[in-house]
Amino acid sequence: MSSKRSDWYFRLREHRATLIAVALFAVLFAVYIAKHQIGWTVPVLTTAANKGVLLAVVAMAQTLPVLTGGIDLSVGMVFVLANCLASYLVVGTPLQAAGGVVVVLAAGALCGFLNGLIIVYGRLQPIITTLATGIVYYGLALGLRPVPGGDVQAGLADALTGALPGGVPAMIAVLCATVVLVWLPYRRSVLGRAALAIGSSEAATYMSGVAIGRTKIVTYTLAGLLAAVGGLLLTFVTFSGEASSAIGGVYTLNSIAAVVIGGTVLSGGAGSAIGSIFGAFALRTIGDLLFVFDLEPLWQPLFQGVILLTAVSFGAVRLLKLQNRLDLYR
Amino acid sequence: MTRMSSLALRLRSSEHLPVAAGAACTLALLLFGSLYSSNFLSPDYLLLQLQIASFLGVVATGAMLVILLGGIDLSVPWVVTVGGMMSTAAAGWWGESGAVFAIPFGILCGAALGLLNGIGVAYLRVPSMIFTLGINAVAQGLIVLQTGGFAPQDRATPAMHLIATGRSWFGLPNALLVWAVVGAGTMFLLHRTTLGRSIYAIGNRERAAYLSGVNTRFVTLLCFVIAGACSAAAGVLLTGYSTKAYQAMGDAYQLPAIAAVVLGGTNILGGRGSHLGTVVGVVLITLLQSILSVMQISEMGRQVTYGVVIIGMLLIYGRGRRHSA
Amino acid sequence: MQNAREPVLQLVDIAKRYGGVRALERAQFACAPGRVHALLGENGAGKSTLIKVMTGVVQPDEGRILLEGAERRFAHPKEAVAAGIACIFQELSLMPSLSVADNICITDPPTRFGLVDRRAQRRIAEAALARAGAEDIHPLAPVESLTLSRRQLVEIAKALARQPKILILDEATSALTAADVLRVFTLLKRLRSEGMAIVYISHRMNEIAELADDCSVFRNGSHVATFAAGSRSDAEVVEMMIGRNIEHAFPPKPAPRPATAAPALETRGLSWSNRLHAIDMAVRPGEIVGLGGLDGQGQREFFLALFGVLRGVRGEVLLDGRPIEVQSPKHAKRPELGIALVPEDRKTDGLMLPMSVNDNLGYASLDRLSRAGVLRRDDESAAVAGMVRRLSIKVADPGVAVGTLSGGNQQKVVIGKWLLNAPRILLLSDPTRGIDVGTKQEIYALLRKLAEEGVAVLLYSTDYAELIGCCDRVAVFYDGRIVRWLAGPELTEHALVATALNLETDLETQPENIAA
Amino acid sequence: AGPSVVSGPGENPGCFKPWDANTKYFQWPAKKGPYRMALANGFVGNTWRIQMIKMAKAYAATPEMKAQLKEFKIVSTGTDVAAQIAAMDNFINSGYDAIITLAVNPAAFAPVIRRANAAGVVVVPFDNVLDTDQVMMVNEDQTSIGSQSGEWVLKNLKAKTGKLLEVRGLPGNSVDRDRHLGFRKVAEAPGNKFEIVEVVGNWDDGTAQKAVADAVSVHKKFDGMFVQAGSTGAVRALIDAKHPMIPVAGADENGFRKLCAANAKDGLLCASIGQSPGLVAISMKAAVAALQGKVMPQMISVPIPQATHPNFKAGENFYPDLTDNFFTTNEFPACDVNLKATDIMSKDEKNN
């Protein structure tokens, strides 16, 4: 039967969820731009990118553990910790700042590595492990920055939060670089394959003779690294570090929402960080709609909640044409 | 030798280990605290902790039901607030007679939000982690609007105050009695009723439960309704305790509730766990927070200790078995 | 004596215990290149455990493993895989959301610059599928979109792609139809001639007879005997396995019922989506009606439609002549309908594996075992104990997790769970998959007894012998239609295979009395 | 561009009071009104913020402001600092004349303020202000809130030894730090020998109440207490524990003042010193003045509204009929900001 189907049928099927996320973002963003007073202009795009890429990178971080059927509730806190670290280290001459960048990223990777170690060798569930390590990472951030402050290398920051010569926001270029340097190699590597396999069925993967422990550890390490990239970018946007548990919480939860809107199933085994990126953009655009619609200020939180709920319930449409109820219970 | 190991095996595989180990950790914590001040062992302090633990205990009861199903309820913060705000508002709207309905009305509002959660998760099949997050945002939006737009009454009724802070029976806090009743009801539900059996079944494999002729979606819905009601009930208790309801009053309950359930030995992926474990987990978390607070460690030290202790305790007794292939 | 060549893999004095349960005790085993070595034993004898030891999935408590004479320890499956041991496990080890090609190359994919080379991988997958005789499976199709039998072929291809020295098949053919089994056998015979050592586990005696060179029988975790295939009669082998002999595999069939008896269950023009087309069927109480045909021709959907799982079912369903509309499994199992479905995939559809035998057995009939939603636990234990006895489920304490039972005993729990609800219409989807001969016989007898008590039984099976031996009539499905009814002398393996492949389509010759 | 630094005195010094003698003065090029003004708020989920937003709307609707404003837009972006920065950028991009902002994290606003200056937009942070002298800001002196609280507690203790309970605010925040430092500077001044027990109350009544209850049940007795916010809960814990009444310096929540008035006879002595949501109105007024080209102090010090024992007067500085969560001070006569409490929250309030 299936041999009649051509390759592109399966390829499309594999990327369908991502494409839906792209479409959702495109629609929301089109509405935003259409209603915006100055519309499609470089400053508007740059503003949107500076905000969107932060969440997109954290959502990428979240995607990796989710693909293995796990989750990382500490991404937001690693993000905050990296922000606090960067506000000390990414300063001075460009060379010193570059050294600081390396240290910040390494610290993020270390946090992720610790998560991985505890999950694999401590045999604890990821969700509760990272909930607890997240508290620890936040404590460390607070130790670094009891109150907001610090600075960042201004040249670097201005370059990254501005626009490239062609009018493309620099943040978008950073995001693309992250995708090309981290996500694509991971996804195409033996390891990334194994990660998906674990998410699909851990027992089967184990019995197939795949190194599960190593795969998980690398996956959580990369998640920590990506979260730190996000924290670093936040520092470039804010020129300071702040140990805010509220921000950590918001990024963690929004990253999960972005992953789901991006079409990655929370039980793992299928999905893509590209989808999560667009899921994050879509979420951010929902926030931007406040700006272009004239809403009573006290109605705004409700409006955002309702739109979020609508966006995540979007997938329920497929239930309408569901013929076999068993498909509900996969 | 074999007898020993088979006993150990029974202990390991049964639900008693987390309860016993959690209780042991609780004692250790108290002894550790008593090095700082012997008052940590005074009945006064312990009763106060039990009273305060009751609020978390009621939230955690609902959280546990949802976790047993394999879900998670992230709408706790604002559903707690809704419980508090709507009960006091009811007392305001309907005057004298309102006070009678205040408590049930607040709980009902929480149950209604739980119903929405349940519809989203069970019928729309949105992952609970996401849908409940959305409901949390909606609940916040509603409360902001309600406070700003209608200026509701937010003063606790005398009944709420009495339930939350009174000590009418052998000097035991009334709140503790409320928790005990909720807890006994939950244990009965989980271990003695067909509904309880279905909750475990769904948490293990919803598909098989469905094919066994159980309306799994309805059971899921019901659990979310109960969870919403529990959160709101905790909001009512908290209102009684503070003598008023206020915005964001539930913020401090989300993570501790999850942590308590898991420390109590409930599998975060569902299907396994005992309510007694959750009770122990709640006491443990409450004590930990209180001792860390009173010992005046720096905020950084508190957070780090809190996280490390949770992981440490789970490493001691909460480790998953290797999936037996 | 049994083989001239040196054994490639040898297990000496292996012991494995799970708590109080002794899965293996002083177990011996050896297999040689170029030979097919069959492992025989009833459910729970320890066969799967033995091969888990061989493949590093579990570590033995005692004993030694010798690979080509040298002592080895496999601490992890990947070490066994690296040593050239490939295994097709009883519980399939496929990753459902990954593509067929990804699955086949999961352990050691071809790489370029450190990244998976998807073109090379696809070639490997295509070649392996072709060797397994499954060219029709698209290498990019996600495994979850395939039927169980297709998946089993993918599993075989996956093992072959590793170019193993030793190939182990733990009931790898249990979900395959006769045609597929034939293809797999041709392949295995070729591999044997190429010098591969093959360990083969199956409960189908005819397969053993056709394929095996050597046989080892296990009972209660211990090695009973090893002998050259054919040197003992089937009866002798069975007696070694289960400690008694079996007279007749199938209970005698009663005389055909008069077609005038009112059917217990009738469908008229039952259609669904594009998978079921105008199915007319009538089953009288006391009858066992078989569903035949190749795997995936709509038999399962037919059951699901009757059980209230499918939406948008058209046509009529009549119970005792009354039209009914089954809304859900919950509705289906109500006493006034009394329909039960034993699903084929016990792991995902039938059981809550971490829950106890007790909880699983009682779960479909909680309405009977409770009052106002409160469980009557004494009644429950009594009912469960009765069912454990009736089906001789091998379990010391019904409080243990059902997942720790052997495959066959798990299957009995699924059946028992529905029997406890006293069904009037019993739908069984491949219920003897992975069940040993002794137990199978018990189940056949049980089905016949249920039929005699007035239950209408519908049995879908991939095992033609079972359909022939057990059923009064068989409806052969092809592409969502009943293409032919077979009964009486017409019900032969030849006829089943021929109609299953839809070779004869002369439906006109269909005797009226069989279809009614 | 941005403002030029000029010399004082500035406009309407009664209202726009310079922070101290060293405060610089700013002047922007005058623009013709009416103006487009925006309020970029962060978090909304507490009564203070709701009251602040209602206050802003009410003030924008007064005839004085209405004449000046062509458009007044309020956006609340939540706790995410990047979202708030983006909102400000959006206002700048869209050509608004002035942005009032209550920053999630004031340290983060340097770049966006640079962009605002470049575009000639007047930005006025208030409440949670920046550690900089490059921006015109409106606030009460947080350190002074702490030190005034300390002074008052010490004055009412009449002793230089004893146990004090300090209930701090939200960790990681400069307001929390400043109030804490102000308080400690006074309490730990040479000659004082207080044992100070510190707990974290998150500026939240429930958290403060639990923290105080715990502290009391372990330490048994305190001689005085300073609560940054969540004072109602903190006092409630004392009452519940039957702790003898002591001097308490707290914030300006209505509930706190109600308790103070009701329990004064039992010895509860209170100082209620708070941060008013009315700051928003002064910030709006300052923004308009700046747009008109008036000379403005860089840092505007709003008088710290306070009420101390025995001056709690129902209907005057607290409102028995309004919610406990209401913040009592909204009027700033010197600035002509005279919005009645009952105008802010609904009039048909039924708290009693």
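As written, the chain order gives the labels A, B, C and D, with residue 1 at the start of each chain.
Here is the rule we use: a residue touches a chain if its C-beta (ideal position, glycine included) is under 8 Å from a C-beta of that chain, and two chains touch if they have at least 3 such contacts.
What you see is a predicted model; the values in this text were computed from it and never measured.
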(request) Tally the contacting C-beta pairs at the A-D interface and at the A-B interface, and name the larger one. (result) A-B
(request) Provide the C-alpha centroid distance between chain B and chain D, rounded to the nearest whole angstrom. (result) 34
(request) Round to the nearest whole Å and give the separation of the Cα centres of chain A and chain B. (result) 29
(request) Calculate how many whole Å lie between the centre of chain C and the centre of chain D, each centre taken as the average of the chain's C-alpha atoms. (result) 72
(request) Send over the residues of chain D in touch with two or more other chains. (result) 44-45, 50, 53-54, 171-172
(message) Which positions in chain A are in touch with at least two other chains?
(response) 142, 146, 203, 206-207, 298, 300-301, 304, 325-326, 330
(request) Could you list the positions in chain C whose residues touch two or more of the other chains? (result) 57, 309, 328, 349
(request) Please list, in label order, each pair of chains that touches. (result) A-B, A-C, A-D, B-C, B-D
(message) Which residues of chain A touch chain B once you look at their complex with the stated criterion?
(response) 118, 122-125, 127-129, 131-136, 138-140, 142-143, 146, 202-203, 206-207, 253, 256-257, 260, 266, 298-306, 308-309, 312-313, 315-316, 319, 325-326, 328-330
(request) Spell out the part of chain B that touches chain C in their complex, as residue ranges. (result) 2, 5-6, 9, 192-195, 197-198, 200-201, 204-205, 207-215, 271-272, 324-325
(request) Note which residues of chain B are touching chain A in the complex, please. (result) 72, 74, 120, 124-127, 129-131, 133-142, 144-145, 148-149, 206-207, 210-211, 216, 255, 258-259, 262, 267-269, 298-308, 310-311, 314-315, 318-323, 325
(message) Give the list of chain A residues in touch with chain D in this complex.
(response) 36-38, 41, 43-44, 47-48, 50-51, 54, 142, 145-150, 157-158, 161, 234, 237-247, 250-251, 284, 287-288, 290-291, 294, 297-298, 300-301, 304
(request) Under the touch definition given earlier, write down the residues of chain C that touch chain B in their complex. (result) 19-20, 52, 57-58, 307, 309, 328-330, 332-333, 341, 343, 348-355, 359, 362-364, 366-367, 370, 373-375, 377, 403-404, 417
